[in-house]
Structures are given as structure tokens and as C-alpha cells.
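Presented below are the structures under discussion, each in the form of C-alpha cells.
In what comes next, chain A is part of two complexes: it sits with chain B in the first one and with chain C in the second one.
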Partner chain A sequence: METILNILFSGVFNASTLFLVAAGLQVVFGVQKVFNLACGSFYALGAYFGIVVVKSFVAGGFPKPLFIAPLIGAGLLLGFIGPIFERGLIKFVYGRDETFQLLLTFAIVMMIEDVIKFIWGTSPQTMGGIDLVYGQLNVLGATVPVYNLIVILCSLIIAALIGYILLNTKFGRIIRATADKREMSEALGINMTLVYVKVFTLGTVLGTLGGALVIPATAAVSEMGVELIVLAFAVVVIGGLGSMKGAFIGALIVGVLKSIAISTYPELEMLTIYIIVIAVLVIKPQGLFGGARV
Partner chain B sequence: MEKTRREFVKLVGGAALGAGVMLAGRGKARAQAKSFKGVPSEPVKIGAMPGLTGVIAVPGTAAWRTTQMWVDEVNAAGGILGRKIELFMEEETSAKDCVERFRKLTLEKKCDVIVGLMSTGNGLAVGPLAEELGQLWLSWDATTQKGVEETMPKTKFVFRSTDNEAEAIGGAILTAKFFPNIKTVAGINNDYSYGRDCWDSYQAVLKHFNPNVKFVEALWPKLGETDFTSHIAALKKANPDLIMTSFWSGDVPILMKQAAAVGLFKKTKACFTTGGGAHYTLKKEFTPEGLILGYNSMYFKWTDTWPLLKKFVKSYYEKYKEYPVYECDHAYFVLQAYKAAVEKCYDLLGKWPTKEEIGKALSGIEVPSISGLRGYRDDNIMTCNFFQGLTTHKNPYDFVTISPIEVLTPVQIMKPTAGAKLYDWIKGWKS
Partner chain C sequence: MKTWQEITSLKNVKIWVLIIIGLFLLGIPLFASQFLNYLMLTFFAYAITVIGFNLLFGYTGLLSFGHALFMTVGAYTAAFLTGKFSVLYMEAILVVAVIISSILAALIGAICVRYIKIYFAMLTLAFGMLFYTFLLKFYYLTGGDEGMRVLRPYLLGFNLSEIPKMQYLTRSYYIYTFVILVILTFVMWKIVSSPFGLCLKAIRDNPEKAEYLGVSVKRYRWYAFIISGAYAAIGGALLAPAIGQVDPGLTYWTHSGTLVFMTLLGGFENFFGPLIGGIVYIFLQDKVMSLTTYWRFIFGAILAFLVIVAPGGIAGVVSSLVKKEKRDE
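Here is the complex of A and B:
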């Protein structure tokens, strides 16, 4: 039982950060039809910025257990880079061939990696052991870091919040309408420029918040975003491109499956995930919750 | 082991006063000379190939910084035989690109020597090319090993790093020494040749000293992995007495942090054979005492009696606000060796030597580097001591250091010749 719980908790923790990045990817693709490779880089930026903010918070003499507040604040605040990238670069590839979009967003990945190295250097950055202040929880013999549970909880809250916004608010209805029929939405007087800026910012915030949330439990390295993009792709393919529900279920499948594979047949870690990806592509090419709907 | 360490300290004590001071004096004397007969006036061209992106960015940047520091220092002292050094840099990326860039540095930039490269895959690609072009290549960390076997046992222009598995052999020797009663071991190593070689070598050596030990789990995260929570769950399931890893970059603090979060090292011991590659990131808050930690060929706190180390650590810290890692020593050593070989040839020939002559002088050379006296064997493989020990919190830093410091000598951890078979060599050891 203890082993099963350890595997499950680690898988769900993995899935919770994957979900945030994949959700960012989904929302931008769903509305803007742009495949944003840079979502992983926003995640990395969120991690580095989170370290700066929390270190300043602790240096300012504030109590360590409260670090989660400035950390979330850092993730949200960094979202301001969303409109800059959207207006400055992304808008030029709307409606163009996917190759242009991929090239542009890949260029952003490379640029952000260099910016990170320019500002923070190449050495790994950590917050020390700040996450350890919350201690551990014993769940039926399994040791679970409380901070990891906080990250899982935050992801669930964010997932619920996104669900609520999409289904119950005017902004959500506009997003869904735009994802479904862009021309019709525009004809109805919706300011598409504003929608695109807002949606891209939402996608960016999901990435930066994910990076900020995960960083106390790990270390920031400049290439961390690239690493995550690959898995986020698997999540998107399994869940269905453009589907928020798909991002949630896809992240859970990838996270838990990865954890099970490592514990049983470590050599098959990646193979297992991509067997599922291939199976989905063959049996249900649009993904489990397919269609470009958010 | 004790005897070896005492012998080494004695050697170093003499060397610090002798060789180090002698080199400084010699440099000064040469710098004071106005010109050297038979030496061209144009600059010596040195090509450097550091890895500055991806996982090798941490050691690559350290080595590149060191190269620049060394060149500035030597230029300020008058250069090599009065010739100033001009530095050219081409980044280490993929094997294909490295081959192109090596060619460019040789044929286009007309470099006299090329230093650098850290990936074994790149070394395997560049090694034969260097021999073909007749270009001196002094590698930092890249070998020309395939698995644990050397593919170029005889070279004229290629001067390679230590064998890949030296640190794992050292880690296994110390595991047997510090933890003789362990019964089960699990490994977590990156899924590429270095990780595989280290795990195989570690098992062979530990089994040699402790035949009853069982290896209960082997995990292979890919290079660049940034989340080990699932691997830690698997390690907890395996419940070994000791965990061995050859992680050497950003993955070291991540594994340590995530292990601390579930109290993995409260009962389980660990051997981080190469963790010193990112030693200053191992904060005391999450790194326990009593784990084996390897620093490879340079430990920044090794001794106060080696002036080159003391001076270098001070300058490096003042400039970059970081404590140097072992790759700095590889970078420093290869340049020291090149300079010494040129000067040695000049003393004999009275002219600036050819690449072939420098190559001959480099074989078997010994020079003072940051980590002590280091050299090349006659088969052009680097030799150096490796520094490992048990983690301790008793220091003025916010990260762990090691105590006691175990100095593992080349005789203990490196095959005697490039062509020797690793496992036959280990089998021949006395228990």
C-alpha cells in the first residue's frame, strides 16, 4: 500500500505541473490556433522569478511559512510578459502556416534560455530547503511532502477556476465562441485583438505560475522549459488538441504512467508514454477529448 | 588509503614550495626577457570549444571562464615565449557541429592548439579528425572511449581526459571503506554512456571489495531530467542501504532536495560520485552529513598550502561570486601543459616548435595546476587526483563540504594504460 501511494503521489505531483503548462498550450491553441512552444520557457521564467521574489521575501525578515503568497504573486505578476510577446511577436503569425508559428515560438524558447543565462548564469538556482518548513505527512505509511500536496491542490483550484471561467463567465463564452467560429465572433463585435491579448496572457500565466509553484521542490536550470515542452506535447496529443479537459486527463495519464513505469520497468519510462501517444493517434487521432475546443 | 594520502600530502608540501614557486619565477624571468630568438612575433592562436548551453553549460561556462582568466594572466606576464595569446571560441554543441567548428578553428583560424570539449560523443567524433588534420587537441573532459574501452589508444595530436569511470571507481572504493556493512545498493544514473559506464564500473569495484552486496535497482532518467519524484518513489520501494549516482549538474541539487522532502537519506546512505560538479548548490538545509560526495579532479577547499589553488579560488570568487568546480582545473591544466611543452621544446630546440614536437613534449609531461601536480601519461591520457569525502556541515558556507578529504590517486582509480581492459584490471586487484 505504501509503495502504491508513493508512486501515485509522485505521479499526481508530476501531473499537476504538467497540467498547468499543457493548459497554457491548449488555451492559446484553442483560441489563437498558435502552437506555442514557448509555454515551457514561460514556466522556466516563472521558476527563476519565483526564486528572486521568495529570496527577497525571506531576506526581508518575513516568516518562511508564508512564502507561498509571494510565490503565487510572482507567478501571476510575471504574466505581464504575455501581452508583450503577443503584441510584439505572436500577432505576426496569426493565420500563417504552422511552420512559421513553430519557428517563431522556438526562437522565443532560445531567446528566453539566453536571457535566463544572461541574468542568472548557468548554475542551478534553488530556494534552499524552504519547502521543508511545511514538513511531511504520513498517509497510510507513505511519506508525502506537504508542499507537494499544496502544489497539487493549487493545480486543482486553477483547473476548477479555468473550468468556471470558461463555462460561467462572459469572457469564457467569448473564448469558447472564438475557438469555435472566429469570424462569427468578430462579426458580432468582439474585439479580437483584446481577446487574443487576454488569452495569450492567460496561457502565459499558467506557465509562469506552474514554474513558480514547482520551484521550491526542485532547482531551476536554464533548459528546464525545453524538457517540459516534450511531455506537454504528449499530454496534448493524448488529451486532444485545444481541450482543457483533455489537458487535465492527459497530464494525469502521463504523470501517473511515468511514475508507475519508473517503479516497475524503469527502462520503459518514455516508451510507455509514447505507446499511449501512438495508440491515441491511431485509435482516436483527435485525442481523448478532441477538437479545438477549450 | 591513509598511506597514499600521507604520501600525497608530503609530495604536495614539497611541490607547493618547489614547483609552484618555480613556475611563477620562471614565468617572471621569461616575461622579463624582451624577445626570444627563433620565435615568431605574431600571437599564438588558441581555439577553445566550451559547451555553453544545455546540461553542460555549468561546467562549460566554468571552463571557459578559466580559459579567459588564464589567457589574461599569461598575456599580462608577457605571453608564451613573448608571444601574446589570441583566443578563438567555438561552442560545443552536437558532434556534427563540433567537427565543423574544429575544422574551422584549424583551417580557417589557423589555431596552434585547440582546447575543450566535454562530451564523450563529441570526443569520439573530433579525435580522429584532429589526428587526420595534425591539429593538437587537448580535451577538457571528453574522452575517446566507447563504453569503457579506449578507441584511440595511440595518438600523436590528441590528448584526452581521464577515463570516464574513474570517479565511479573512486566512489566504490570509498563506499567499501566508509560503509563496509551495506548489503543492498540502488543506482540512479543518466541514460547515456557516462551514466551507464559509471554504474557498471561502480558495481564491479564494490563487488570486488564486498562480494555479498546486491544491486537491487537501476534507474535511468534521461540527461536533463528536472523532476525525480517518481524515481524517488521507486528508490523508496527498492529500499536499499545505499544509493549511488553519477549526476554532475543541475540534477544533483534536484535529486538531493526531492529526496530530503521525503526523508530518503535519513536511513539510506548515498554516494554522489560526481556531485561536486555543482557543489555550491548543495545547501545544508537539504543535504545531510555523512554522504559520499565526489569533486572529481579539484576540490576548492583541498588545502591552504597550494598557492595556485588559493589564488585561483580567490580570483574566481571575486569575479563570478561562485566557488569553482573541477572543470576549471581541466581547463587550467591543459593550457599550463601546452605552455610548459612549448617552453620545454624551446629550451631544447631554440625555436618555436611544430605541433608534432609540442605533442611529443606533452607526452609524459607534469605541470602544476590548480589541483596540484598533474600530467599526461605516455599514452596521452590525463592523470590527476580525484577528491572525494563525506559531506559535512562544519564550514562557514551555506552549502556542504567534505571531511575527511580522501585523495584518490591515478594508480588507484585509472587503468594503467589506455589499451588495458577495465574489468581485467579490476579483477587483478588485491581485496
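Here is the complex of A and C:
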């Protein structure tokens, strides 16, 4: 029972950050129709930047348990690179063949990986177990780090927030309208440029925030973006491209499966995930929640 | 007797240029350094892979982001046959690599060609990563992340284990690989200019119309997938003895990205584009890597530039310059 709970909790923890990155991927794909491979790189940048901010926060003599605030701040702040990439590169390939859009984001992946190596070097970076400051909690015999629960909670709040924004605000309605019919929304007087910048920034923030939140519990390595993007890719394929609900369910499936596989048959860890991805693509290429808009 | 005009007509000039380039490439070992030869050798292996890849990408319009899978199949075939089964005949390795990769490509292709564009790219990426984790996790079979050693194969039945390694690679193996490249390039030329190749182009430009005209779109895409898979496997099998060691990194999705990069760099709209891209990529990478460890950044910037400004690649830029020249006259 305890082990099952442990597996489940670590799975949901995986899922919570995975969801953020995948949600970033989805929102950009939904509106711009660009499959952004660089989402994983934004995640890696968020992680490294989070380490820098938290370390200087602690070095500045602030109380350790408050580190979550600057961490989230770092994730949000780093979102400013979104408009830079959108205006500087991505905007040139709207309306071009998907192949070229994909390749352009691949170029960004290559560049960011080296930027990280240039700034932070190749050795893994950690926060030195700062997440343990919150201690551990006993849930029905299973010990769960409290920090992980906080991350799960944050992720749920963000998910609810995205849901609220998409369904109940003007911006959300514009996003959904654009995802549905771009020309029509443009004809109705919506400033597309602005929407694109905002949406891409949202996608970026979700990635950087995901990276910042996950990093106290693990170590940052320069390849983490390249590794995560294939997981996020699995999530969106299983959930359905462009669907937020899909990202949520997909992240849960991939996250929990991953932790089950790790604790039972480590050899099969990623193998099962890819097999599911292929199975989903073959049986229902639009994914579990495909067809439903953002 | 041929008239002088006939000999110097445009088509013949092109053939002469190719022959001269071919002889030049063949003659490189006579005067160039061993290292340069070695780079050329890697280029030959990649050239075979990308020229097959472009049948799928440039001619059929399908972007595979997992094509390194087949290259890896070829490379591991060489490693298994030489290391575990003591089969050292290169010809046997190539035949087995083609058979295995064709079967695999037929299976994977049967699933993938039902989709196009982004879904096709994603499916192939998923298969590539599936194979990657397979190689990584089943280490008792594949050596895991350390990979496997590749022994020196016999060429045309000759046991060449007496010669020093670099001499073997830059002389005998160099010529061997080059001849295979020339043959396969010629075969590919025949394929793309055959009715089959024209059908592929028609499918790329307008699948509905092609289907309407009686071309079985999926079947032709499937054929193209198998052929390009077999080409990649030959490239991989030839690359393996040159690098001497194969590891799962060969099938990681970024390596597939490298193949796309090479093709785009040279120009996917031109038959020889991928070859140009391959040679430029390999030599540029060597140059940039010797200058800075951050070569990926520079290559990323080049790729971004290509995508935004010059999607036709080097061949595209050159041909548009030539056209401009002609217009000005």
C-alpha cells in the first residue's frame, strides 16, 4: 500500500511539471499551429535561472522556507524571453510549411543548449536539497516530501487558472476564436500580432515556470530540455494536439506510468511510453481529446 | 562521329563536371592529410544516408524526424556481425543491413505513411526514440550506453588486418565507400527520373490529384520510405567501421535532426543538394568545433537563417543567382 502510494505521488509530481511544459506546447500549437520543440529548452532555462535566483536569495540572508516565492518569480520573469524569440524568429515562419516551423524551433533548441553550457557549464547544478526545508509528510504510511505536494498544488492552481482564462475572459475567447478560425478573428478586428506575442509568451512562461518548480527536487543538466521535450511530446500526442484537457490527462498518464515503470521494470521505463504514443497515433491520431480546441 | 557541339552541349558538360568532381574526390587520398581523408570518409557514409533521406523529404514531401533509426540499424548490424558472429565480409554486412532495414522500414512505414506533415514527423520521432531506449536499456544485448565495438571488415573478401588502421581507412576503405556512394547516387538518380520518381513528386505537390490519376499515394509513399530506410542503413553500416564504435546516441532524435539539417543546408529541391549539404556540414562542423566548444549555437543560428531566409539551401541560392545572371543578360 505504501509503495503504491509512493509510486503514485512521485508519478503525480512528474505529471505536474510535465503538464506545465505540455500546456505551453499546446497553447502555442493551438493558436499559431507551430509545434514548438523549444518548450523543453525554456524549461531547462527556467531550471537554471531558478537555481541562480534561489541561491542568491539564500545568500542574501532571507529565510530559507520562503524560497518558493523568488523561485516562482524567477520562472515568471524569465517569460520575457518569449517575445524575443517570437518577434526575432518565429514570426517569420507563420504560414510557412510545418516542416520549416519545426526546423526553426529545432534551431532554437540547439542554440539554447549551448547558451546554457556557456553560462552554467556542463556540470550538473543543484540547490543543495533546499526542498527538504519543508520536511516530509506521512500520508497513509507513505512518506512524501512536502515540497512535492506544493509543486503539485501549484500546478493544479495554474491548470485551473488556464482553464478560467480560456473559458471566462476576453483574452481566452480570443485565443479560442483564433485557434478555430484565424482569418475570421482577424477580420473581426483582432490584432493578431499582439495575440501571437501574448500566446507565445504564455507558452514560454509555462515552460520556464515548470523548470523552476521542478528543480529544487532534482539536478539541472544541460540536456534536460532535449530530454524533456520528448516526454512533453508524448504527453501531447496521447492527450491530443492542441487540447488543454489532453495535456492534463496525458501528463498524468505519462507521469504515473513513468514512475510505475521505474519502480517495477526500469528497463521498460521509456519503452512503455513510446509504445503507448505509437499506439495512440495509430489508433486515434487526434489523441484522446483531439478535436476539442485548446 | 560526334560533333563538337554535341560534346559540349549542356547535358554533356554536366556529366563531365560530375566525372571531374568524382575523380578529384577519388584522388584526395593521394595528396590530402589523413584527417581530411577521414572526414571525407564520414561524409561518404552520411551522403548515402541523406541522399536516401531526400527521396522521402525532398521528393515525396514527408519530413522524418526519426530517420537516424535506420542509420543506426545499419551501424549495429555491422557491430553485431563483426563482433558477435565473426562475419567480417563487408558485402555480407551491407546485404544483411539492407534486408533488416527494409523489413523494419516496411513495418514502420506501413504505419507512418498513413499520416503526413506533423503527424508523420512525430510518429517517426517516436519510433526513433523507441529504438533509442531499446538500445539503451537492453544492455546485455546491445552494450547499453557504451555501445559496441566494430571490428575491421574484409573488403571484397580481402583480409586487410595487416595494414595500419588509418591507412586502411583512408585508402582501401575510402575507395570502397566512395564506389558504393557513386553507385547508389546513380541508382537514386535513376529512381527519381523514372516514372516512379515522377509519381512521388506528383504526390508531394498534389496528393488528391495523384490519387485521382490512379497513383496509389500510400503505396508509393511506403516504397519511398523503404528505399530511404535501406539507403540510411547502408550509410550507417559504412559509417560504423570508420568510427569503430556504435552507441545509442546515433538514433537520438537530435541526430535525426542533423540529417534534416544537412539536407536543408545543401538544398532539398536539388538532387545533389543533400550531398553538398553533407560535405559542408561535416567540414564546417570540424572547423567550428576547433574554434569553439559552442558549435551547436552557431549551427542553430545557421539553421534558423536557412529556414527563414534561404529555405532552398546552398543549391537554391546558387541556382537563383544563376537564373538572375541569365535574366540580366
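Criterion: the second predicted complex is superposed on the first by the 293 of 294 C-alpha atoms of A that agree within 3 Å, B and C clash if a C-alpha of one lies under 4 Å from a C-alpha of the other, contacts with A are read in each partner's own complex, and residues count from 1 in each chain.
To be clear about the criterion, a residue touches a chain if its C-beta (ideal position, glycine included) is under 8 Å from a C-beta of that chain, and two chains touch if they have at least 3 such contacts.
Everything numeric in this text was worked out from a predicted model, so none of it was measured.
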Joint occupancy of chain A by chain B and chain C, clash or fit: clash
First (chain B), second (chain C), both or neither touched by A:233: second
Partner chain in contact with A:281 - chain B first, chain C second, else both or neither: second
Chain B versus chain C as contact partner of A:104, first or second or both or neither: second
Touching partner for A:270 - first (chain B), second (chain C), both, neither: both
Touching partner for A:189 - first (chain B), second (chain C), both, neither: neither
First, second, both or neither for A:117, with chain B first and chain C second: both
First (chain B), second (chain C), both or neither touched by A:60: neither
Stretch of chain B, among 4-12, 76-84 or 130-138, that runs into chain C once the two complexes are superposed: 130-138
Residues on chain A lying within both footprints (that of chain B and that of chain C): 113, 117, 226, 266-267, 269-270
Chain B residues within the chain A interface of the complex: 52-55, 57-58, 60-61, 217-222, 224-227, 229-234, 236-237, 249-250, 252-254, 257-258, 260-263, 278, 280-281, 283, 285-286, 320, 322, 398
Chain C - residues contacting chain A, complex: 63, 65, 111, 114-115, 117-119, 121-123, 125-127, 129-130, 133-134, 137-138, 253-254, 257, 260-261, 264, 293-297, 299-301, 303-304, 307-308, 311
Parts of chain A lying in touch with chain B, wherever the complex brings them together: 3, 6-7, 9-11, 13-14, 17, 113, 117, 121-126, 128-132, 136, 143-145, 147-148, 214, 217-219, 221-224, 226-228, 258-259, 262-263, 266-267, 269-270
Complex interface listing, chain A residues touching chain C: 35, 89, 92-93, 96, 98-100, 102-104, 106-111, 113-115, 117-118, 226, 230, 233-234, 237, 241, 266-271, 274-275, 277-278, 281-282, 285
